[in-house]
Each structure stands twice: as C-alpha cells, then as structure tokens.
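The structure under discussion appears below in the form of structure tokens.
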Amino acid sequence: MIVSRSQHNTNNKLVFRPDGEDHPSESEHEPERRFMLGLFASMLDGVLVGAVYGLAASGLTLIWGVMDVINLTHGAMVTMGMFGVYLLFTETGLNPYAALVPVAALGFVAGVVVYWTAVHRVVGRPPLMSLLTTFAVNLMVIGTGTILWSTSPYNVDVNLPGFSLGDYTFTGNHLLAALAALIIAGGLSLFLGRTRLGKAIRAVAGNRMAAELMGIPSSQVLARAFGIGIALAALAGALIATLFPFTVLSGGSYELKSFVVTVLGGLGNPTGALAGGILLGLMEGGLTPFITVSWIPVIEFALFVAVLIAFPHGLFARRPRR
Amino acid sequence: MSPKKPFFWVLVAVIAVFLVPVLTNNVSLRESLLLAAIYIILTSNLNLMIGFTGYVNFGNIVFFGLGGYIGLYLVTAGGLPLVAAAALAGAAVGAIALVLGLGILRLRGAYFALATIGIVEAIQAFVANFEPWGGATGLYLSFQAYQALGGPREALWTVYLLLVAVMGLSLFLCYAVKNSRFGLALFAIREDEDTAAVLGVRTPLYKATAYSLSGILPAMAGALFFFKQGVIQPEQAFDLTLSTEAIVMLMLGGQGTVTGAALGAFLYEQFRGILLTSTVFSSFQLVIAGALLLVTVLFMPGGLMGWLHRRWPRLRKVLE
Amino acid sequence: MSALLEVTGLCKHFGGLRAVDEVSFTVEEGEILGLIGPNGAGKSTLFNLITGVMPPSGGRVRLAGTDITGWPPYRVVRSGLARTHQIVRPLNDMTVLDNCTVGACFGSETLGLSQARRVAGEILELVALADCRHRLASSLTIAGKKRLEVARALCARPKLLLLDEVLAGLNPTEVGRMIQVFRALRKGGIAIVMIEHLMQAVMNLSDRVVVLNFGRKIAEGRPHEVATDAGVVEAYLGDPHIAARLTGPVSDGATP
C-alpha cells in the first residue's frame, strides 16, 4: 500500500486524496472513473486489512464463547505477536511469514500460562472478576513491554511486490496477510469441527457440567482453548506488524477493533468474526474517500454501542445470562 | 446525618487531613492531596455503579472529561465564574448520563462493560473532531480566568478547596445512598436483577439514576481540575488508563464500602507517588499496579475493607 | 363483580412449542387455588406470564378489574400480586432482614426504610425466621430460603400470592409449619395460587384445583372432583385409588 497518490496519516490508515490537477483529464468522465477506481481500491484494501482484524477478533470471540470471559489481555497479546515477529526477524533473520509458526506456538504457551494464573479461578464467577484479572495481566504485559521497548514505533521491514490499481499500489504484504488470515481462520474452523480437542472445546462451551460428566477434563480443555485464543491474537499481531509500524500500545487499538468486530460478527463464532472483520474493513475502506479519517472511529464506536443496545440478546448473547 | 453516627466523624477526620496543607501552606503536599482527592472522587462515584449496583463501568472517566470540557467551555466562551461553570457541568453530565444510561443499561454484565469502553472511545473520538471545543488541540484557558479568583496563586488554593468539598460530597453521597431505600434497591439489583424487579424495584429507572448520579460529582471535579491545568485535550480528558486505575483503587480498598473506596484511592495515590519518585521503580508502575490488582481480585475479593470487616466484624458498623 | 384475578386465553409459544396454550381461570378474593400438573406442563411459565417476567404471546390477565397484561414485574407487584420462585433466589450477600425490607419498600404500598424494616420484622416473626434476621441470606438452609421466599413476597402486602412449589424439598415438620402459615394468610384475606406436587397438601388446602397438561387446562373443580377425573388420573395422578386417598377426608363420600 505504499503509493503514489495516497499517504498515511498518523494512524497508518490509508488516506485517499482525490486530485485531478496534475493529471490533465483525457475525457469528461475521467475524474469520475478515477474516483470510482479509487473507491474500489480503498474498499479492496479495507477487505484485506479487515481479514486480519477478523483473525484478531476470532481469538477474542473464541475465548468469550467458550468460557464467557472477555479477555482483556487480548491487546497485550496482539502486541506480543508484533514484537515476536519483529525480534525473530531482526535477531535471527527468520522470514516474517515463517516466524508465524513460532509466534503461534509461543502465543499458545503464553495463553495456557495466563489461563492457569489469572483465569481458571474466575471462570463462571461474576463478569467483574474475569474482566479485572485479565486486565491486570494486560497491565503487567504492557508495563513490561514499555520497559523493554518504550513506546516508540517499530516496523518489520519487508516489502513484497504487489500490483497497482489506479492510484493505489497493493503490496504483496497486504495480499499475503489477508491470505494467511483466511487460511488460519479456515484451519480454526476445521479444527473446531473435525478434531477431538475441537469437539471437546465445543462441548465444554455448550455445557461444561455435561461435558465433565462425559469424561472431558473441562479445565484442561478451557486452558487449551484460551491458549488457542491467545495464539490467534498473537498471529494477528504478527501479520499486522508486516503491514504497519507499531508501538507497545498498538495492541490496545486492535483490541478495541476486535470488540467492534465481535459485535458485528456475532459472539462465539470464529467464522462470524472473519465476516465481521471484513465488514469493518470494508466500512473503513468505503468511508475513507468521503470523510475525514479522524471521524471514522466516531462512527465505528457509535455503531458498536448502537449494535450492542439494539441486539442485546440477538446478535450478541446466544444464551441469556443467569 | 448527626454527630452520633460514626460516619460523621470519619468524614470530619478525612476533611481535616485534607485541610493540613491549607494550614501549613504546603504547596507540594497540596498537589499530592489534590490528586488523592480526585482519585477519591472518581473511585467513590464509581463505587455507586460497581460496588452498589454491580455494573462494571470502564468508562467512568467520560464524566470527568466531559465535565472538564463543559466547564472550561462555559468559562472561556460563556464567561461564567468557575463555581457556576462546575455546577452546570455537573448538571449537564448528569442529564446526559441519565439518557445514555436508559439506553446502555439494557445490557447486562460483561456486555455493559464493553459498551462503556465503546462510549469512552466514541466520545473521545467525537470530541477530537468537535471544532467548538478545539478539536484535537483542545481548549485553553486565558490568564484572565485566574484573575477573577484573585490571581493564579489564590486560584490554585480555591480550586483545591473546591475539590476537597466535592470529595466530601462524594463520600457523603455514597454514605447517604448506602443507607437509603434507593441504595437498598441498588443492592438488590447487584445481587439479582430479575428478582429485584419481581420484588417491585423499578430496575431500569434505578439503574439509570445510579449511573447518572455517579456522573455528577466527577464532572464537577473534571471542570475544577482542568480549570487548574488551564488546558484540556481529548487524550488527557478521556484517559482510559485513569478510568481503569479507578477500578484498581476501588477493588484494592473494597467495593461496596464507602470508606474502602476512599482508602483504596488514597493508598494507591500515595503508593504511586512513591513509585514515581523512585528511580528504580518508576518504570514498573504498570506492572506493580497489575500484580496488585491480580492478587487482590484472586485472593482478597472484598479488598482491604472486606478483609478488615471479616477480621473484626464489629468494624462493619463503624466504617461503612 | 369481577374476580380478583382473571386469566383469559393466555398463551406462550417458544418457537413451535406451546408452553402455555389458551389457559383461562379465575381466582376469587380470599380463595386458595391449587395448580397441579406433571413436570413441564407449563405451570411455572404461567406464573411468569402473569407476573410479567415474560411477555405472553396472547391472552389477557386482569387483577381486580385492571388489565395488567405485559406489565413489567415491578408494576405487577405494586398492583398487589406477589410471587415466590420455584428455585429459590435469595439476594445472597444481603441479610435476611434486608431481603424482606426490599420487598416491603417496593410492594403494593411504597414505604420508607424504617417503616419497611418494621413490616419486614413482623413478617419474619410470622414465618419463624426472626432469629436469623441478621444472617446473610446465603447462609440459610434450603427450608429457610423457601420461607424467606414466602416472607419476601408477603412483605409486599399482596392481595394475591403466587406460590411456586414452596413445599417441595421440605421435611414433614417444615411442611406442617408452612401449611400453618398459609392458613393464617387465608384468614388474613390473602388469596393464594399454589403450584404444588405434594398432593395431600394441595387437596386439603385448596378451595379449587386447576390441572394443566402440555400447556392446556385439562380440568378444573373442587379437589375431590378433580382427583377422580379420569383425564387427570391418567395424565398426572396415576392410580385412581391413590388419587382418591390423597384427597383425604374430603373424598370419603366420593370414593366408589
């Protein structure tokens, strides 16, 4: 997405600048055609980035759906994924896409550790408890990250060749990140549907007590599900690191986006998260040419609250609480 | 409230402590206690939602920030005196919160908590784009504003005293709510909202009232604090970190208790002061706050006050 | 002159399931009405519809002539109709007295805190929970919690009380004590609708009995009439001889 006629604002969002002056128009319809092409490109870019949002959200929604815990370590774990790929790339020279494998493995281990230290004791308790324990872990991880890397920006310096569309150039990074997100989301869906552990996870999500009576060690299963959720967050972070510069605090804004995606896509269903992510990306891309970029978060979060209120039990809660 | 109630003397003692810098004319102590007063205001009012009603509000800072903006706007654009601006800011935020509350309080548990995060983000993003309030650059106070209070030095003392008054009001509000019919209804909602409704508690209205009530005094504190700062910007006004720190303080002191909320806020501020001045630990502030929160929630869910109450049950009657 | 409670054609559908299907009945002032039927017959759902916990899919509920259909629960209580829950729902982290004070504060009359405390105290005496008034509700035994349910509902000073299986799970002594409470209430002029599986108690206490099966009303009448109704015996009571014996002395003349 490094580009001839567009530029990044401080949020690293693509800003489209319709500008016909230094291109003498060949025909009357030329500016219009160029605008439509620009809009299309912006939306396509939104879809590509949105797939990565969706991947991040699928980790959040998996944990939420399985154990009714809103994982506030999500943002911190996205950040860890970013720095994981950065360190592997700069220190060992590992290809960033190959680095996804160790990042996912480390994410899984981190998730299992966080589960046993902070989550296990509060599953099934009032929501305040798990919100606070995961938030506490978030503070510790972000605090440690700030000590190690301060809050200055980093980036993973890879540039894969891509293609151009009008004023836009899509880098290979964007295409590959979206492709990776789709493959991982597809893999997750297969995993949950076809494997023993996947089925156990769904059983525990449906009815923990019944699953336990059927001989499923539910705590072990929850720990692994938490690990997978964190691994997904870390993978999303790693992919985002190949797209945009990032700081220790970047994970927080992707956590917020994940909340929006989760609300849009429906709760507890990773495929829905992918659809929600693409919807969010599409919206961001589609709005960019029309309004000032700084208004986009206003719309996003107002929509988030509105959808929450309008569908408190529909889109959101499959099972009414209590 | 009569002098016969132990709480009366607790309140007197707290305010006496906060008057020490006035008597000794100690500016650095004043600055430290000013921050403590703000923490106590935020935490006590948050307690109305989390401790009394059982709704986790991650966005309590919205009241503080909006109050600051409305207050500063009324002073700069409206030329209102500080006290009037702060009072109006409190009233305006209370009204906004009531309307907002009737909407978002249809959500329960974790969904409500999420919505409050969304509200902080939406309002912060909106204010950053809102030109009458200076957009991303914020609002600045002209030097003249301090002259109305007899010069900058005097203005700082006046703001401090007003904040201590708001703090006293916050503690009294918590106490009064806790010992009222309204408070009883809120406790019933915290324990089991559906049952509360079956027992006759008009839950939607009571929840929204609690939400609105918990916004008024923080809004006034915001107006006073940002008047003192002389400038307000979206990132400082709607700082999600401060919002969540208030939750840490509340849990530390003991949710649901009036004195616990204040104690937690006070201790956290003192503790933070020590950490920030120590060269070794200043960078560990977040890590330590996180560890503290984790240990409190897992092993001492009632906070300090809950622990004290269990240890010495008679204390329940004295320190509410 | 209308009845105290008048339920007409009440329905509740969950998807294709008709949990409550066109149920109609009335309750007169000061009357005890038994509501019986097998598990899943829709008895508790019927209570939920009457008290506004769930909106009905169709039909009307009138209380003392006022249409209260679809009112939220807190409005229903204030109009004089209180209920207990089949699965006890104490406000755990509050004292027994406070549990009842909530009921008294927000009941059919709006009371101030101190007055409500007094009313709550009196009612706790009535159900013999006064000794536990300062204990946390969560610390009560199951029998205690059942009594608390009844006390809390009574604190609202209702004209009509809906009791959902308050005798289930109690031992014979506790059942006896609870039945005495009900008799005292009836003397006080409070009408009661009771869902109960303990047939002896239902048949002895009730003035009339309504039988539900698969969401429909299959019988209604005086206890001994219902107990000998062929449809009721088949659907619920089982053996006709046992059914007849259940109704105790009342049924003496009716046994063939």
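Brief remarks follow.
In order of appearance the chains are A, B and C, and numbering begins at 1 in each one.
What we mean here is this: a contact is a pair of C-beta atoms (placed from the backbone, for glycine too) under 8 Å apart; a residue touches a chain by one contact, two chains touch by 3 or more.
Quantities reported herein were computed from a predicted structural model and do not represent experimental measurements.
Taking the definition of touch as given, a chain qualifies here only if it contacts subunit A and subunit B alike; none does.
Central chain by Cα centroid: B, whose mean Cα position is closest to the mean of all protein Cα atoms. When every chain is reduced to the mean of its CA atoms, the largest separation from subunit C belongs to A.
Look at where the CA atoms of subunit A average out and do the same for subunit B: the two points lie 33 Å apart. Subunit A and subunit C have Cα centroids lying 51 Å from one another. Centre-to-centre separation of subunit B and subunit C, using mean CA positions: 45 Å. Residue positions of subunit B touching 2 or more other chains, listed in rising order: 192, 194. Within the complex formed with subunit B, the subunit C residues making contact are 51, 53, 72-75, 77-78, 83, 85, 89, 91-94, 98, 101-103, 105-107, 112-113, 116, 152, 156. Interface residues of subunit B facing subunit A in the complex, by the touch rule stated above, are 50, 54, 56, 58, 103-104, 106-111, 113-115, 117-119, 121-122, 125-126, 128-129, 136, 192, 194, 244, 247, 251, 283-294, 297-298, 301. For subunit A in complex with subunit B, the touching residues are 68, 70, 117-118, 121-122, 126-129, 131-133, 135-140, 142-144, 146-147, 256, 259-260, 263, 292, 294-295, 297-298, 300-302, 304-305, 308-309, 312, 316-317, 321-322. Per the touch definition, subunit B reaches subunit C in the complex via residues 179-181, 184-185, 187-188, 190-192, 194-203.
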